[in-house]
Structures are given as C-alpha cells and as structure tokens.
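What follows is chain A paired twice: with chain B in the first complex and chain C in the second.
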Partner chain A sequence: MTDSVLSSPLRDRIDMLRDPRLLRRALPAVSLAAILIAIFLINDRAMSYRGLDLMLKYAVPIAFATIAQMFILTVNDLDLSIGAFVGLVACIAGTWLVDQPVLCVLILAGCVASYAAVGALIHVRRLPSIVVTLGMSFVWLGIAVILMPTPGGTVPEWLKGLMSWKPPLIPFPIVACAAIALVAHVLLMESSYGAVLRGAGGNATAIDRAGWSLLRIRMSMYALAGFFGVLSGLSLIGLTTSPDAHIADRYTLLSIAGVILGGGEFVGGRVSPIGAVIGAVTLTLTGSFLIFMRISPDWQIGAQGAVLIVVLALRALIKLREGR
Partner chain B sequence: MRALAARIGNKPWLLSFAGALAVWLATILFTEGKGGGQIITAALAFSTFTVIVGIGQMFVITTGPGNVDLSIPSTIALAGGVAMKIMGGQDGLIWLGLLACIGAGLAVGTFNYILIRLLKIPPIIATLSSSLIVMSVAISYGRGLQIKPPPSFADFTTAQVAGVPMLSLCAILFAMIMAVILERTVYGRATLAIGQNMRAAHLAGVKVERTRCITYLMSAAFAGLCGALLAGFSGGNALNMGEEYLLATIAVVVIGGTSVAGGRANVPGIWGAALFLYLLVTMLNTYGASAGVRLVLTGLIIIAMITLAGGDKPSR
Partner chain C sequence: MRASLKKALLSMASTALMLGAGVAEADTSDKKIALSNNYAGNSWRQSMLKSWDTVTKQAVADGIVAEATPFTTSENQVTEQAAQIQNLILQGYDAIVLNAASPDALNGAVKEACDAGIVVVSFDGIVTEPCAWRIAVDFAKMGEVQLDYLNEKMPQGGNLLEIRGLAGVFVDDEIHKGIEAGVKKYPQFKVVGSVHGDWTQTVAQKAVAGILPSLPEVAAVVTQGGDGYGAAQAFKAAGRPTPLIIMGNRQDELAWWKEQKDANGYETMSVSIAPGVATLAFWVAQQILDGKDVPKDMIVPFLRIDQGNLEENLANTESGSVANVEYALEDANKVIEAAR
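For the complex of A and B:
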C-alpha cells in the first residue's frame, strides 16, 4: 500500500501496462499483430504491397458485414440473417446494377427499409431476434434464389475497378478497412446520438425514461445494419465475377465471430467498431496463414474457431485480473 | 371464440398441431384426397430426426437467454461419419457404431461445456466456435467420402409398421420419456428453474453447473445419435447432412411453444412443429411452388407463427 503512495512516473507507466482494461482494449490489435507476424515469419514475401493486397482482398466485405452485425449486437439482439441478406444484395446488384442502376438503388433502399421494419416488428411485439432473423434468412435466401437460380449476372466495371484499385503505398483493402472502422467509430462512439444508441443496449429503461424512443433506436440500428449489409454485398460482387444466392452464407457466423473477437460483449451495448473491423481482418488472415503453413484448407474454418477460442481464453484471463 | 383463444394461449403447442393439420388438409384438398396417407408417413419419417435433435435444443434453450446449441449441424456431420466408418457396412458392428456416434456427440458436448465454464463466454459463442472446429474435424476425418450403412441398419431406419415408420414410433416413445424427465425429475425441474432465474435457482439449492453440463452433453449426444440414424436413413453419411438442422431445431422449439427467454418448455410441441414444418414444405411443393418461393413462404410463416404466439414478456 505504501508503495503506491511513493509512485514515480516510471512506475505509473508500468502500472498502466498492467491495467487489465488497457490489456483488454489492446487484445484485438495484439491478436492481429500476432497472426501477421506469424505469416511474415513463414513467408517474408507476404510482407509486400502485393502480398497484403491478395491476403486481405476479402476482408472488405467481411468487415462491412461484421459492422452490420455489430449494430444489431449493440441493442442486445443477434442477426442470423446477415449472410443471406448479403447474398441477396449480391444477386440484386448482379441482376440490375448494370442495366438499370436507378431501379437497383431503389430496390436496395427498399431492402434497408425492410431491415428497419424487421427491427420494428421485433421491438413492438417483443419477439426474440434470433427467431425473427432466422425466419428472415429464409426470406432473403428465397428471394435471391428466385432472382438468380444459377450463378450468373453481370458486375459493373466501375465496381470491379474500385475493388481492384491500387492506391500508392498502402494496399486498397487496408485503406478501405481503416475507412470503414473510422466511419463506424465516429457514428457510434463519438456522436451524441451514438451514445444514446449504445445506452439502449446498456440500460434500455434509463434511455426510455430520458425520453428517447426505443422503437426509433432499434429501427435505426437495424437500418444501419441493412445499409452496411448492402455495402458488404456490393463490395463482394466487385471481387467475384458471378454472384449467386449462397455466396455469403458463411458471413452470418463470421460476422458474429468478428464482433466478439474485436472485444464486443454479448449484452450491455459494449461494442467496438474498430475492434470489430480488426476482428474481421484477423479472421480473413487466418485462412491465408493456413495456406502459407501448407495446412489443408479442410482446417480453415476450424482454425477460425481456434483463433476465436484462444482470444476468448486470453480475455477470460484478463477478466480474472480485473476481478481481483 | 375467446374461450378457445384462451385455451390455445394456455397450451401454445396446440397451435403447432393445428397448423400441421390445416396444412395437411390444404394439401390433400388440392390432390383431391390422393396420397394423404403417404404424405403423413413421409412427414413422420422426416420429422423424427428434427424431433430427436429438437428436444436436445429445447433443453438447452430452456436454461435461459443466450443458451443455444449452434454446434448441432457439425456434430451430426461428424457423428454420421464416425458411425458409418466404424460400422463399415457390417451388421455385426452396428452396436459399436451407435456407441461411437453417441460418444462423438458426448465429446463435442464436453468441449462445449468446458468452453462455457472455463472461458465464461455466452454459450452461443462457445458452441459457434466449437462448431467450426468440429466441422473441420468432420471434413478431415471423412475425407468427403460417403460410406454406406450396414444393410440391417438401413432396413431398421427405413422400416414401417402399417405406414408408420419404426423410427418414428421409437421417437414418439423417446419424446414421452423426455417429457417425463422434464416434468417429473429433479434434473428437469432444475433446468426450468435455472431458465426462470439462475441466481434464485442457485440460492434455492439447485445444482446449476451440473444441470447445465448435463444439458449440453445431452444436446450433443442426441445430435450424435441423429447423425448415425440420418446416415442410415439416407443411404450414407454426407458432410452437409446436418446443415438444415441449425435453423430447424430453433424453429421447432419456438413454434412448439417453448419460451426463447427460457424457463418454459414443451415436448409435445416439438413433434407438432416438426410435422408442421415438413407438411408446409410438402404443401408448397404440391402447389407447384419453386424452391425460392418455398423458402420465402417458410420464412414468413415461421415469423407469422411466432408473432401470433406472442412474444415473451420482458424478463426484467
């Protein structure tokens, strides 16, 4: 006890490093750094503009989907339909974006509006989000299958061009992911309405008593999720040549894993947009890591599960210290 | 009318059976009475598998918010592969294969519970992580090869008595036993108590952790058993065999009248809901709906059913 009274600036700094809260916040970045270092140690050619560009290509749509999921998790809900929704957006854009861009934008706006409507239904009727979004995943997938029974469709050149853009010095996926993280961060963490939105996840009654409409909050969150889902679908078809209904089936689980990996909690409105994007990038890199290790792609999803478990185990350890 | 509504309100599972009956009637009305019996036989046969895994999922969901077993599809795929490989097409090894598939399920369940307990993470995330690993194990173990079931095992899983599949009779008996376990045993009551209020249950002397452990082991073991039966029924194992059961188990549990917020469960409703879902798809098929239309309507009807049954009152 007497030691802390006599603390020097140096000791302060060391204590800060021991602070569990700081460790906790740094965990997503540390895990990303660990996996990057591992990749570079195995294959030093990966540490180039081209290497990073190739490895991180698919991080962009996954990051968008993860941010979409994060908005839903902020209000203590879970979206089991985001993967199917991203697939539907890919099919809609693949069908109309080239020939009838105006119609396509209107349809996509309608998709975002229906996401908000789902949020409203969940709120008004107090329905469990997992069941409603589960039902919606059938609806999205069904519409996508009607639109595009077999893989096909056309992708506009400008979208392909954007996704394969080679900016100077920093590869495009990194620029894009940083931009996504920044926008989501400002939206949710820095704005005053963002604080209200997060508050609705932490203590809904308090926010309600303070005069905010919980219905409108939930609808906004679902609309935001829908909007980022649309961006995920668009960026995804910019990377692939032929969209199909099942193109993003795995995104539902990946997006949940990404948010949690990035330090998001399951309840209480504790989320981190920057962490979520880092989580999405980490999951994308896990796949590349296995390829460099010459481990069979059979283990790719297993490795993503293992990364998730390791990070959660570390977090549990930090929590143990927090509790002390 | 109001009395009827109130009665259905008290027994939400009646709704699922009423739905199943309505959908069946709508189908045979369209076919002018032809094939009504065969449709019921098929519905019973396919619902059997949904019921077996659905009951496991029901116990998990009953233990409270955030409790969902997402590892069921991977476990089905893994256990189906393990069972077929060990049976190796020989009648004499059926017993060993069945033991092995339940063993594989128990192994997954143990892993799930260790994650939930040691890492103190929400079960939905724990089972999500483990499902990814289990799927990789299944892919690597089976090498994507399909192994045929032994002839007697295939016969058993497809046998019928007067139009009623043998397996369905077993599953009805199984559901009755599970209903007794839920309503009449210490374990069952403890599960319900934990779902209503974990802290209160703990203070009242309920062994919370032991009950949760049994619940996750049971769900995984049922998924394992289902994997072997499904492989026998469909003439061999396949990696995507369990895919549809993630959504199906959650849907039948909820439509069957079990509360997603936990603390209230219903076994007969699982049968009703499983029959309803299968008959619904059959009806849409009969009406000539395309795959896409079928999916859209299935989704909308699931949402309509849950909206109709009414959401849960806020737990706080």
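For the complex of A and C:
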C-alpha cells in the first residue's frame, strides 16, 4: 500500500498519532492501560468489581498525596515532608476525631495553616524548599511519635464506612480517584486563578510584573497541599482503621513519582492533575502486578523501580522526538 | 480427568468422614499459604526468609501444602503491606502468614482477609485484629532478662547505657518497657543514657559514639539486638573500657564475643528471637487449615545464648546471619498445646 492510496483524513489521523505532544500526554493513560491488561491476563479474578475494589483501595490516599505534591511542584518546589505530614494527620485524627471532633478539625486547620506558613518562610527567606521540607518532615514525624508513641487510637465509624462503601456498578476507589482528578483539574487547569498559579511556576517574573503577589501564590499552593495532605491522612486511616506515626513514610517518594509518572515536570509549572492521579493509580497497580507475577522477594523491590524507569525512559524518548 | 475425579471423590469421602467423626483430618495438600513480610533489609529478616524457604519447599515437595510463596515489601511500610494483603486476598490464598509492619494499622486489611475466609496467622510483628491468630514474642521479658542477668553478674550495680530500636515501632517500646521494669526491680542500676540504634550495627555505632563523651563510666549496655557489635566498636574508638554489652544473637556480635572471650575471658549473654519463628507460624497455619482447633494467642520462646553454648551457636550461624532454629510440625503442636 502506497501513500497515494490512503485517503487524506486517515493520513492526517496517523500523523496526529505520531505527534510527540499527544504521545506525551497519552503516555500516563497508556501505561495504566498496559499494566491493567497485564494484571487481567495473569489473574482473571482481578477483572471484577471486587478485584478492582481490592486492588485500588490504597490508591485513594496516594492520589490525595500526589495531588498535594503536585501543587508544590507547580511552583517549582519539592515537598519532602508530605509523607510525614500525612502520618501526623493520621495520628491527630486517630487521637481526637472520635472524642472531640471540633477540636480535631481546628487542629487539622492549624496544620494546613502551618503548611502555608512553611510556604511563606520558603518564599520570604528564599530558602531551598527541599531543605526546609526535609527539616519539617522530622518535625511532623516527631510530633506524631510524641502524640502516638505506640500505634493505637480509634477511627470514627463514618470514615471507615465511607472508605469501604460499595456503590453500585463502579467500585468506590475509581469514583473517588475520578472525583479527586476532576476537582484538582478544575481548580488548577480551568479556573483563571489556576492559570496564574501555574504561571508562577512557568515564569515567576512575568506574574510578578503583572501585579500578582508571589508570596500569596506560594502560600495558597502550600495551603492547598496541606489540605490535600489532610484528606490523604483521613482517607488512609479510614482504610487501615488505625493510625501509626510511620503509616505514610513512603508517600513522599510515591507522590513525587506519581506526579512525574503522570506527565508532570520538576520545573516550569508543567503539571497535570488528571495525569497525577493516573500516575498514583499506576504505581499502586504496579505492586499488585508484581505480586501476581510471584516474583521472588529479592527481586520485588527492584522490579518496582524497573517499571518506573521503563515509563520514564519512554517519556525521555518521546521528548527527544519532540525536541527534534 | 480421572485423577481429578478420584480426588473429588476422595475429598467428598473425607468431608463425610469429618462430618461423621469430627476428628478426622482435612487434607491440606491443595491449600495455598502466603508469607506477607514487611521488611527484608537486615540479617534477621534474611535468615527468616531463608528458613521459610527451606522448610516450606520441603513441605510442598512432601505434598503437605500446594504452595507457600513469600512476599516482601521494601521498606517496612504499613500502606504497602496493607495493599499487599489486599492483593493476596485477590490471588486466592487459603492462609496468610504475616509479619506485620504495625500491630493496628493493618487491621483493616486483615479483617478483609478474614471476611474472605482466609486464615491469618501473625508472628513476631503481630496484629491486634481479633479474627487473626497471634504467635507473640514476649518482648518485655526479653528486656527484663537482661537486667536479671546483670543483677546476677554485677550485684553491686552501676550505670547503664540503653540502645533502643526504631522509634515508634512497638517492639522497641515493649523491650524498653521490660528494661524499665528491670531497672525498677534492681534499683542499683541506673540508665544514664539512651540512644536509638535502629537494630542496625552502623546506626548504633554512630549513635553510641555521639553520646559517649557526655556519659560517666558505663558498666553495662542493654540492647535490643543488632546493635551490640556497633556499640563495642564505638567504645573502642573512643578509647573507653569495654563495658558488659548484652548481645542479640547476630553472627558479628557472637564472633566479637568469642574473640573477647578467648582474649580476656569476657562474659556476657545474648538473647533474641530465632528468625525461624516464621516456620513455626507456617506449621500453625497448616494446622488451622487442617481443621485443628488452635487458640488465638500463642507465645514463642526466645533463643538465649550463654557463655557455655556460645561456640556451638556461633559454629551454626553463617556469617552475616542470626543464630537460628527451624521449627517442625511437632514444635508447632507443642506451642499450640502450651497456649491452651
């Protein structure tokens, strides 16, 4: 078959498929689909309402944490404390949410405010966010360990009920992840202030010249991150039914990996909320995939990293073509 | 085809027998058991996985169970292990043998496994969810026997340095409580310093080196295992006299002890849990699947090494490993009987 035989609209469509920008945008979804198909092939039990529900349950708190990280990455910062913060939220909620809900909400609001304060500190003193948030991670963990030296505490029934809710047709984790992606998307990509927020990461000087307060922008991004961190902690203890100071240590790196896997960049305000949630879900499914593969424990840890590297390598390839 | 028919008939017959007599044993040869392990990054866990491998491979070869696959999460993470358990439920295992990252935070996932009809046996790092079985180590006792020994060895008392484990992990808290109780019992001892060694020689060495300059003379070091050798190195580097350091059954600790014993008659004791406790949990799970009535809470004895049996234990412990015992079905039955 030669080119002349192909009708031109079809050729246009094929050309579009080879467009690197589209490829780059589609990569997160394609990776997710690939891993889902692989899982379904290995374990047909996974291809059911219950299977998806079980596999994706723990994706919900990771999705929240990933969105939190994404807000920070939008302004070219990196948050190394989100995991410890989620752990602290879990401990606070596990200590007070049942007995003194009002006090608990106030304390959690205070946590969000202190996140904003960290943002302000970073902005005003021009400190590297990595250093400040790394320091804060020890502060959050320290408070959490003081609050809960041994794991324990109680989680309200409504929270447990919500997280194990089984809506008809579509499993709850999928509904929740879609909702998270949608809210973050509207907030950051569709609203006019969202464009300003992203602009602060892309070209701070321009935003500054246009009369926007960069301090306020950074503070609101950190506050948003804190808010989503709180949601992450609450949804997490709804699943585990009991908090623990170390419950979410892993979330710091998972959230960064989720954003990057979802098409985000470390600099330039280039992020995608929908991609980030897809990234978080993909990371969760990678764990399932490796378990279903029955890879020996010695290799499981490395294999998880390998999946990440493959996806990122693919993206680097696409980027190379984009640059040409 | 014919074989499977025969098997079906057999299993029907055995079910009938079971219903009839109530004592006949169910067959576990088609049962699948999974090990859910939360951490593999130290010598104790490596020995544990090795023991699991040795014992369960033999059990599978003997047709006792169909499968006994180990699964490990990378960094002692509750969230990852909870997700792992969810996946094991989905994979259709009949029993999950569990070394948990947290006593409470996995309860949600464990409950879900129980609801799916899966037998969950936790050991070492146990879970509080009532539907699971627990093979617990009396960690507080492990702290207390150290003080009992010290009281015997140096009745005049003295200053103690305490090396703790990983902050916020309940094992650390339990052993610490035992040591506190011991100090209360023998008030001639006084804890003058406390550091976290994270059960890792290098971390312990750094932590002890950091606190040593601020300490008066130390008569003994109470530990949690995996930190004794590091402590000895820190004392040596600081040029201070080596105190009595309680060991934790690690090979490097036992080798150092032997070296000191040969050189200057150094005396101490060593206590920890044998990593082979995983194999004990395996047999308990197999017995539960077999239809045996097993109490929910069992206690596993810990492995203590003294001056007398040091050489024997050291010879049996590979370099980079931990003194170990692998358990057999009879041991499991003994532990089950003892719990009644």
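As a convention for this text, the second predicted complex is superposed on the first by the 311 of 324 C-alpha atoms of A that agree within 3 Å, B and C clash if a C-alpha of one lies under 4 Å from a C-alpha of the other, contacts with A are read in each partner's own complex, and residues count from 1 in each chain.
The rule we apply is simple: a contact is a pair of C-beta atoms (placed from the backbone, for glycine too) under 8 Å apart; a residue touches a chain by one contact, two chains touch by 3 or more.
None of these values were measured; they are calculated from a predicted model.
Asks: Return fit or clash for chain B versus chain C, each positioned on chain A through the superposition.
Replies: clash
Asks: With both complexes overlaid on chain A, does A:A257 touch chain B (first), chain C (second), both or neither?
Replies: first
Asks: Could you look at A:Q304 and tell me whether it touches chain B, chain C, both or neither (first, second, both, neither)?
Replies: A:Q304: touches chain B and chain C.
Asks: Give one of first, second, both or neither to describe whether A:I35 is in contact with chain B, with chain C, with both, or with none.
Replies: Neither: A:I35 stays clear of chain B and chain C.
Asks: Just chain B (first), just chain C (second), both, or neither: which does A:I207 touch?
Replies: neither
Asks: Could you tell me if A:L78 is touching chain B, chain C, both of them or neither one (first, second, both, neither)?
Replies: In the superposed model, A:L78 contacts chain B only, not chain C.
Asks: Just to be sure I read the superposition right, which of the two partners does A:C111 touch: chain B = first, chain C = second, or both, or neither?
Replies: Neither partner.
Asks: Mind working out whether A:K319 is in touch with chain B, chain C, both or neither, as first, second, both or neither?
Replies: It touches chain B, and chain C stays clear.
Asks: Is A:F292 in contact with chain B, with chain C, with both, or with neither (first, second, both, neither)?
Replies: Once the two structures are laid over each other on A, A:F292 reaches chain C alone.
Asks: Return first, second, both or neither, reflecting whether A:V132 touches chain B, chain C, both chains, or no partner chain.
Replies: A:V132 contacts chain B only, not chain C.
Asks: Taking 60-68, 150-158, 168-176 or 204-212 from chain C, which overlaps chain B after aligning chain A?
Replies: It is 204-212; the other listed stretches have no clashes.
Asks: Using the superposition on A, tell me which residues of chain A are in contact with chain B and, in the other complex, with chain C.
Replies: Shared contact residues on chain A (touching chain B in one complex, chain C in the other): 141, 144-145, 149, 296, 298, 300-301, 304.
Asks: Which part of chain A faces chain B closely enough to touch in the complex?
Replies: Contact set of chain A toward chain B: 78, 121, 125-128, 130-132, 134-147, 149, 253, 256-257, 260, 266-267, 296, 298-306, 308-309, 312-313, 315-316, 319.
Asks: Applying the document's contact rule, which stretches of chain C touch chain A when the two form their complex?
Replies: My answer: residues 37, 40, 49, 69-80, 82-84, 86-92, 101-109, 111-112, 167-170, 173.
Asks: Quick check: in the complex, which residue numbers of chain A touch chain C?
Replies: 43, 45-46, 50-51, 54-55, 57-58, 61-62, 141, 144-145, 148-153, 160, 164, 236, 239-251, 284, 287-288, 291-292, 294, 296-298, 300-301, 304
Asks: Help me check something: in the complex, which residues belonging to chain B touch chain A?
Replies: Residue list for chain B touching chain A: 66, 68, 70, 115, 118-122, 124-125, 128-133, 135-137, 139-140, 247, 250-251, 254, 260-261, 290-300, 302-303, 306-307, 310-314.
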